[in-house]
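Below is the structure I would like to discuss, written out as structure tokens.
In order of appearance the chains are A, B, C, D, E and F, and numbering begins at 1 in each one.
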Amino acid sequence: MKVTVHRKAHFNAAHRLFNPKWDDAKNYEIFGKCSNPFYHGHNYELIVAVTGDIDPETGFVMDLKVLRKLIESEVLKNFDHKNLNEEVAVFATLNPTAENIAVVIWNKLRKTINKGLELSVTLYETPRNYVTYTGD
Amino acid sequence: MKVTVHRKAHFNAAHRLFNPKWDDAKNYEIFGKCSNPFYHGHNYELIVAVTGDIDPETGFVMDLKVLRKLIESEVLKNFDHKNLNEEVAVFATLNPTAENIAVVIWNKLRKTINKGLELSVTLYETPRNYVTYTGD
Amino acid sequence: MKVTVHRKAHFNAAHRLFNPKWDDAKNYEIFGKCSNPFYHGHNYELIVAVTGDIDPETGFVMDLKVLRKLIESEVLKNFDHKNLNEEVAVFATLNPTAENIAVVIWNKLRKTINKGLELSVTLYETPRNYVTYTGD
Amino acid sequence: MKVTVHRKAHFNAAHRLFNPKWDDAKNYEIFGKCSNPFYHGHNYELIVAVTGDIDPETGFVMDLKVLRKLIESEVLKNFDHKNLNEEVAVFATLNPTAENIAVVIWNKLRKTINKGLELSVTLYETPRNYVTYTGD
Amino acid sequence: MKVTVHRKAHFNAAHRLFNPKWDDAKNYEIFGKCSNPFYHGHNYELIVAVTGDIDPETGFVMDLKVLRKLIESEVLKNFDHKNLNEEVAVFATLNPTAENIAVVIWNKLRKTINKGLELSVTLYETPRNYVTYTGD
Amino acid sequence: MKVTVHRKAHFNAAHRLFNPKWDDAKNYEIFGKCSNPFYHGHNYELIVAVTGDIDPETGFVMDLKVLRKLIESEVLKNFDHKNLNEEVAVFATLNPTAENIAVVIWNKLRKTINKGLELSVTLYETPRNYVTYTGD
């Protein structure tokens, strides 16, 4: 009897899309205004979903207070009000597209969440563009 | 050719999180302010999803007017404007976490919906916390 | 050059609508299922709006970090995860309708916010029912 | 390492639910006010989801600018501000329920999106009624 | 001590923008695709706001159950799942723009709501376009 | 008979809060993480409201297609996917708080909108923080 619990969080960050192997013209051709070297930014909305059995003692799959704190320590502390390209080490060499940010967040959370639980990460870059990564 | 149809509904209820095997201190340690013996409450948002083939006569997987009435008779009639712990019999002995409420709703609806259709229940306790149960 | 700044917050609480001068039948006649003696509850969404001149040093009408903390200390600390009728003193003798809750919140905040600033409080009881009080 | 990218779009259209094999009384019995011969309409919200590997050069599963343009040319150009029954050929003989509209949109997009990518279409007819089709 | 209470409702309708004094070319020039003679449609979201003193007996400015029923009898009954141009008499000679629909709704409700209460009507034609009329 | 018409738009931008008369320590004391010299960013949601009489020929206060294009040419073209501090001239010497951005947008639009119409600008910096400027 598996249930999925979801917790929403958000962070505000600056970024630009950029492949260092390409010159500026090629970056602009592929990424358009998202490659602006002065950066732009987003209110990222994050949904973390954890699937597992209900603990009969608590009625919880996972205590959402614990999940909220993990999101804060693993994600928000390092991403919120930051420039992702300049201040988050992994994005020095990895293009901070929504896809790549979601995978990075999944990897960070996967290390701290009980291995018996499945994990999924959804990240809204804007209300119209969002991505999901489940580790598959 | 399977399509999933979703219907949203909502109900307002009071509850507290509480395990009768534990004393008040232990309940507070695990459930925090959610264990307040005077209760608190939520605007629960419910999404019922039904998956099946499209009936070629109607173009429907299931008539959503019928699904809406089932949600009203099976869920809202008993849960809306109620104290879940005090007035909904199943929660006299089952902790009314979002997880357990979703499973209870799924079980109620499963009995009334055609067995050839798959069923999923998503329950928002707050805009930031929600759960999904698919019967797996 | 007056600008209005808004800050949203939320709290979850139980309540019932009840006039102690009336018997149960009259309370049910007027308030319907909202008068359930076992209580029900809501996810209240609160919007506090403050209007004034922009401070040329900060570019702020009022620092929203300060406003957020005032909302926490004056409202959320006493209302969140509470039973309004049983645990918030003012509602021992005042019916906790959305109208009255909004006026109570406005009065609490008015005492702590600079008198040169105008104040407005909007309170959502459900996504479909909400009230606004401006002190007029 | 598969990621799903989602793009939201919307269109406004008129429609009625109608089975030409039935007389008006039977259509009204099954479809109720949705069978009004003068039509009614909706703000349809469309979510197109595409699943595949992240391209290491771009960090994209699929360029959402390209997906946005495909949605415009394949769906919005023909559906937006139209009467679905009268002006979209396929619905001359297919009842424009949300289920059938979603399948039609999926089929249109499936022809233009790389076969190595999975496709899913979600269509909101109203904020409370929506459907999903994944091609299964 | 005046408080404003708000009630949201919605209806789905077809319409076209059209001035009968103009020919089709002129109508298309002014109204674009909104003048499509086959109609299009919307999920209209309606917010009715009523301002007045709090009744000390009930704690209400106006019982929202009563307001909900007035909206149903005065607006939804005649507008929901209708073609506004063809089936709502006033729009036979009045262009059903959001502005004009809001004024018509305000006039209908004004007749039925206590004269001591102020009335405001907000109508969303789409999530991005909406209008407000206060009777001024 | 005055009606207010509203049009929503959005833009994504980077910014930092910063007063050049203060040193970094003072900027951090006042603006906290919002003063990060590497910038952060937001999905800004903009609501432009225009109030005036309904034109009896069109049924419009103002053609929202025209208003949408004005918002694009006066605001989005210069703000979207930009670094407000670095690339929008006015913010070289004006702190880009939500308050100041709203006033700048109001001033830009005021020059292009008919003087007989009233103008109001609401700007969401996040879903929880937003400001309104009406020119008063």
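Note that contacts are C-beta pairs under 8 Å (C-beta built on N, C-alpha and C of every residue); 3 or more make two chains touch, one makes a residue touch a chain.
All values reported here derive from a predicted model rather than from experimental measurement.
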{"item": "Touch-network distance, subunit C to subunit D, counted in steps", "value": "2"}
{"item": "Contact-graph separation of subunit B and subunit F, given in steps at minimum", "value": "2"}
{"item": "Pair sharing more residue contacts (C-beta pairs) when A-B is set against D-E", "value": "D-E"}
{"item": "Most remote chain, CA-based centroid, reference being subunit B", "value": "F"}
{"item": "Listed pair (A-F, A-B or D-E) duplicating the B-D contact set, over half by residue number", "value": "A-B"}
{"item": "Chain whose mean Cα position lies farthest from subunit D", "value": "C"}
{"item": "For subunit A paired with subunit D, centre-to-centre distance based on mean C-alpha positions, whole Å", "value": "28"}
{"item": "Where subunit C touches two or more other chains, by residue", "value": "127"}
{"item": "Chains grouped in pairs wherever the two touch, ordered by label", "value": "A-B, A-D, A-F, B-C, B-D, C-E, C-F, D-E, E-F"}
{"item": "Subunit F-facing residues of subunit C, complex", "value": "1-9, 49, 54, 57-61, 63-65"}
{"item": "Subunit C residues within the subunit E interface of the complex", "value": "17, 19, 21, 30-32, 94-100, 102-103, 127-134, 136"}
{"item": "Sites on subunit B touched by subunit C in the complex", "value": "10, 12-15, 33-34, 36, 38-43, 80-83, 86-87, 126-127"}
